[in-house]
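Note that the chains take the letters A, B, C and D in the order they are written out, and that residue 1 is the start of every chain.
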Amino acid sequence: MALSVLCFASWGDVFGPRVEVDLPAGATVGDLLTHLSSRPEARRLPTPVVAVNRRYAAADVSLSAGDEIAIIPPVAGG
Amino acid sequence: MRCAVVARPLDPAALLAEVTSPAVGAAVLFVGTVRDVNDGKPVVGIDYSAYGPMAEEELARIVGEAAERFGTGQIAVEHRTGTLGLSEASIVIAVAHARRAPAMDAQRWLIEEIKRRVPIWKREHYADGTREWVDPTAASAEVAS
Amino acid sequence: MRCAVVARPLDPAALLAEVTSPAVGAAVLFVGTVRDVNDGKPVVGIDYSAYGPMAEEELARIVGEAAERFGTGQIAVEHRTGTLGLSEASIVIAVAHARRAPAMDAQRWLIEEIKRRVPIWKREHYADGTREWVDPTAASAEVAS
Amino acid sequence: MALSVLCFASWGDVFGPRVEVDLPAGATVGDLLTHLSSRPEARRLPTPVVAVNRRYAAADVSLSAGDEIAIIPPVAGG
């Protein structure tokens, strides 16, 4: 399953605004985080959460090709 | 109710006027501004960037929740993105209510929820020329404004 | 710090600008306005009158106490007297602080102390032509804005 | 001891902006309130407090000729 993942802030600096990921069908948000965090370039990045279709998603949520998926590092608005 | 993520300077007085009506007895405004120091380091400016579409949707959800929780639809919020200099406003929250206590309660709830949930990030520019993404979850982070 | 009791319309944006500086991260504004109903009765206007010299002195004492208690001198307060129509501002409180929590704490403390201590009175004009001094201590008084 | 007492709001409506009161030397804020409240026209007025020289004064504070004395009905600013 090919996923296109949006990256922001420090994650965007390292991975670019969009990173392509290939995961087995039925992979979850947790699987995606495990996959990306295991990459060497992610070692010094802050732990992110994931948004699916513009809503925060828990680790057990399943991903589908076509979802709008985003890596959300710690937010600092306001 | 209205909220937006915008790339232009904010106008607090316009948002205040937007929420005022003869049915309200109190209107409150919160303005977050770029401060010249953070965590002990001299700051000369801040880049704000957003996951635009989700930021606007999450902001709208927060404003809708506040309206229900505090009993007023008289809420306007704007968050600015781009590069801001010292004293420039990054966020303006305007709330009006028949009574003052829930207006102030809503103001405080809104800024805390927005800081916690809206996908917006800031990269501070320091006087020494370095830049850094602010991570409020980092151990060294001061209680941020 | 500045406070005044004045007989002209208030300008919230001017007070907000007055307290903002590069050293602050948050500025908050409280605006009390004339509401179209109080205690169930339709209101068309309010006369505010003051024991002028003491009102200004008591206001200055309150602002000084707030500055010490919340750790900021960036406070401006104006209270208006005279006859006000619906939606007109009777009071504007502006507070800025390096951090947002004490700015909001000071805002709330200031409006409560001002309502409790400053010798200013209001006589409401009702839609039926009657007028009445508002007594917040009376049993029938609604939680006022 | 002749005292000139400022009155505001509902008390001003009834007594006028300034009422002249004669009390024994050494009279206190409490004595003044007892004296004024016993007048028939004060019967329907809300209970006030007293300011002496522009500060709130407790019932045991002594009054002097020349003090700036004010009757403060329940305040309603803001």
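Simple rule for what comes next: a contact is a pair of C-beta atoms (placed from the backbone, for glycine too) under 8 Å apart; a residue touches a chain by one contact, two chains touch by 3 or more.
Please read these numbers as outputs of a predicted model, since none were measured by experiment.
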Q) In angstrom, rounded to a whole number, how far apart do the mean CA points of chain A and chain B lie? A) 25
Q.
Could you work out how far the Cα centre of chain A sits from that of chain D, in whole Å?
A. 72
**Q.** Touching two or more other chains - residue numbers and ranges from chain A
**A.** 78
Q) What are the residues of chain C that contact at least two other chains? A) 32, 100, 111, 144
Q: Counting only chain pairs that touch, give me the topology of the graph as line, ring, star, complete or other.
A: line
**Q.** Contact pairs between chains, per stated definition
**A.** A-B, B-C, C-D
Q: Spell out the part of chain D that touches chain C in their complex, as residue ranges.
A: 6, 8-10, 13, 46-47, 51, 54-56, 70, 72-78
(Q) Could you list, by residue number, the parts of chain B that touch chain A in their complex? (A) 32, 48-51, 53-55, 57-58, 79, 90-91, 111, 114-123, 133-138, 144
Q | Partner chain C, residues of chain B touching it in the complex | A | 12-13, 16, 20-37, 86-87, 96-101, 104, 107-108, 111, 143-145
